[in-house]
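One structure, pasted below without further comment.
Note that the chains are named A, B and C in the order they appear, and that numbering of residues resets to 1 at the start of each chain.
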Amino acid sequence: MKTSSGRFFEDFHLGDVIVHATPRTVTAGDVALYTALYGPRFAVQSSEAFARAIGYSAAPVDDLLVFHIVFGKTVPDISLNAVANLGYADGRFLKPVFVGDTLSTTSEVIGLKQASAGDAGIVYVRSIGRNQHGDIVLSYARWVLVRKRQPGTPAHAEQVPELAKAVLPDVLGEGCPPLDLAGHDDALAGSRFRWGDYAVGEKIDHVDGMTVEEAEHQLATRLYQNTARVHFDAHAAQGSRFGKRLIYGGHVISLARALSFNGLGNAFHIAAINGGRHVAPLFAGDTVYAWSEVLACAELPGRSDVGALRLRLVATKNLPCAAHPLKEGEQYAPGVILDFDYWALLPR
Amino acid sequence: MKTSSGRFFEDFHLGDVIVHATPRTVTAGDVALYTALYGPRFAVQSSEAFARAIGYSAAPVDDLLVFHIVFGKTVPDISLNAVANLGYADGRFLKPVFVGDTLSTTSEVIGLKQASAGDAGIVYVRSIGRNQHGDIVLSYARWVLVRKRQPGTPAHAEQVPELAKAVLPDVLGEGCPPLDLAGHDDALAGSRFRWGDYAVGEKIDHVDGMTVEEAEHQLATRLYQNTARVHFDAHAAQGSRFGKRLIYGGHVISLARALSFNGLGNAFHIAAINGGRHVAPLFAGDTVYAWSEVLACAELPGRSDVGALRLRLVATKNLPCAAHPLKEGEQYAPGVILDFDYWALLPR
Amino acid sequence: MKTSSGRFFEDFHLGDVIVHATPRTVTAGDVALYTALYGPRFAVQSSEAFARAIGYSAAPVDDLLVFHIVFGKTVPDISLNAVANLGYADGRFLKPVFVGDTLSTTSEVIGLKQASAGDAGIVYVRSIGRNQHGDIVLSYARWVLVRKRQPGTPAHAEQVPELAKAVLPDVLGEGCPPLDLAGHDDALAGSRFRWGDYAVGEKIDHVDGMTVEEAEHQLATRLYQNTARVHFDAHAAQGSRFGKRLIYGGHVISLARALSFNGLGNAFHIAAINGGRHVAPLFAGDTVYAWSEVLACAELPGRSDVGALRLRLVATKNLPCAAHPLKEGEQYAPGVILDFDYWALLPR
């Protein structure tokens, strides 16, 4: 059989290391498409001149574009037979990526747990993205519910990894060079609010909304060489639970992040992903809104140039966020689609 | 309040100079997307080899892509609360832009006039786009009708700037290096008609039509980092006058310009924008057609390589242009959506 | 008349050589868009590092992107008044194309045959794409049925060229440098199956499906500067046979080729196109599936690094390909849209 239908739960074994296919050179074309798909406006990624003025050697590639490319490679090997994408944890952006860098990904199976129904199981992996020099640029854990090939096969020995609830501040600076803040122009950056201007508990409605079209999320997901069928095959989707194509969850994260510029214009770098939940699916024609809550403020050991904000980024569909919708009792409120917890760096 | 909802009429004062956010390095990715969005076929912008053969140091970036990027930056500060985009004047492309250049924009408030209803006012700005060396690449005036925050507030002192009806020929060559016409291959350029072959009053139907999809204009408008909500938010648009997303007016200009290649293949450079009116809105699913009229022919002082044509570029929706539709009496004819007046350069 | 409405059958004469307009520099932006449009995952084109490790000087541009750009230039001169695109033959990719190369195209009329109805005729051309050094990168024959301007005009002298049914193996290596297979990492390439692992008669279902949106094929076709009206003008299409826009046949080829990665991951280079038929039209909203059959295996004279597979690539719409649908009796089976015959190279 020359065609791969992807791994089933039985095919994963603890400690397996999978080398994912198709290394990918990131180009100015990818960056332009990322801009066209989401409309980010952070000056550091948008302008070579701005990036160099504050101490970067060149404009870095958007952290989420790096995430999507690194993640996309894992799909054919990890999640082609996934029932659900359950979560992320301990995501760390450890080195900036620049145009011209080539990214590749490996994943290690770090946990396995059969679901009670016996027809699927949770696979935990640690995925690592490296550049052409072998440097780790991104490391994150992820767990997915994967179908079994044969519902009757015996369960693997169960092993659930312990994953940090949040990345500790001491590694948050690794993906950010020392900044020369004398070169930081707040007007060009688009915000006069720096790290010290945000307070724990502060909630920010990002105001704007963005409607998603089928062509847009398909272009994005293919750009990341992510092959999950649910995003592309409307014919097969007719017989699925939703009857239509599902939008890649990472598309929602990128939209919400781009919207968050309005209110978080100086939060130029995603240093870490503490966790993320795709609460409900997004479909073409829906409009995404977002709001943020400041969960924590942290200094970075030994650095006076930047500080970190731990942010909850909530995205909704067809529901403006002036009221900061999140939960109703224990449940997520209708319309909430993403609950994302990350660390961003801002100039001090 | 960390989120910006944009300026209202009361927030503008004569002489204010606004530094707009997010400088932008123009890349080969932007150029490719521009090609994919509109299909321009002018050889100078399409081919490094062609551009160098006639004396450019490299293929210049399409003038309208420069316009859209420079313009896009002004939206969050100028027109987020605009009721209508009223006009442009005195737009001059003063220096070619190349891949790798970083563009930024400032705007000066040059006029203010409260509308008679008292709930809005016209804001006149002069916007200036500069490259990373501080050189002005584009300068244009624009006026928009902007809502007041409080309909009751007293009016500003009225001041309406005098704007030239047309840019004078003596500055039209500034954005175009001296050309070596020995290197100009008309077959590769796609037209045997040079500047001297066009006559005042000549009308040209550009024949082809281009249907616009929601994904296309959203990709374009985000590429320009233009944040005007009316282009992106279908949920909010349900309650608006049109009930759906509006297409950015600049998208129409670029489509019409690309269509105009068929008939104006040697009009490779937009030297100036004399004026422009978005006569009616365009929506996704509509098909754009275009025709041109030669309004004037001008020599450029001291230059024998290129001449200028003043062109009226008319775009329509769902209305082919063999009959050159424009006005019925005083009114624009149904189907006309753009009346655009510009100077183009052609080889002599 | 400054506008071109394209050539009619009467306008073609045997031996005519047409220099097509708009040379085109291929950029990293084009490559990124190609990835976003089709999702190809061949490592050689995706990664500078992978390409260099096996002996390329840089990552080559996808062969089909080269084909579409070279082909697109011919449309305004050859097929604007085509009734049908009848076939291709003897297509040879003779030199790799890299980012930065500028492509231009000429076509020679090599055959003419009036259709029996007298209102149209078949035009045979040999089109040649060259880079900025004048090197031929692609040569192919194509024939199209072109309308006559006047149904009554007398027929041209008939001449039908003899075209090879298949390209001979001895030229298949020209577009591929000598490879250093020690640098070839099958895990990164995404397939452990090399040339010797395929057998004549083997059939491979590529499993995945890809739904096409109007915005996607329009972006693609404009990227190639292909101006065929049927792809872009929904208003005019209302009165046409199908009542809607037709998708460029090349779009189908690229989709099917990208899907074929799943099963043919090491078939990194299209060396030649033996023939191709667009069996039925594709429309937006349809889902494309594909399967392949190995028609022949060939060694390349003097080369031990790569071997060639002659492949039939069949694409369908809204019809998964587990049963390898092709013909029912003499006729193509319902749902089949493409029958494409090409040579691919694989490492040995």
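The definition used in the following text is that a contact is a pair of C-beta atoms (placed from the backbone, for glycine too) under 8 Å apart; a residue touches a chain by one contact, two chains touch by 3 or more.
These are the chains along with the protein names UniProt gives them: A, B, C = MaoC family dehydratase.
Since we're looking at a predicted model, the values are computed, not measured.
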Taking shared residue numbers divided by all residue numbers at the interface, is the value for chain B and chain C over half (same) or under half (different)?
different
Rotation in the CA alignment of chain A with chain C, degrees, nearest 5
120
Based only on mean CA positions, could you tell me how far chain B sits from chain C in angstrom?
36
Quick check: what residues of chain B touch more than one other chain, meaning two or more?
27-30, 32-33, 213-216, 219
Touching residues (chain side chain B, partner chain A) in the complex:
2-5, 19, 21-25, 27-30, 32-33, 76, 100, 102, 104, 132, 213-216, 218-223, 225, 227, 229, 232-236, 245
Taking the touch rule as given, give the residues of chain A at its contact with chain B in the complex, in rising order.
27-33, 35-39, 41-43, 46-50, 59, 185, 187-191, 193, 197-198, 202, 204-211, 213-216, 219, 262-265, 285-287, 318, 320
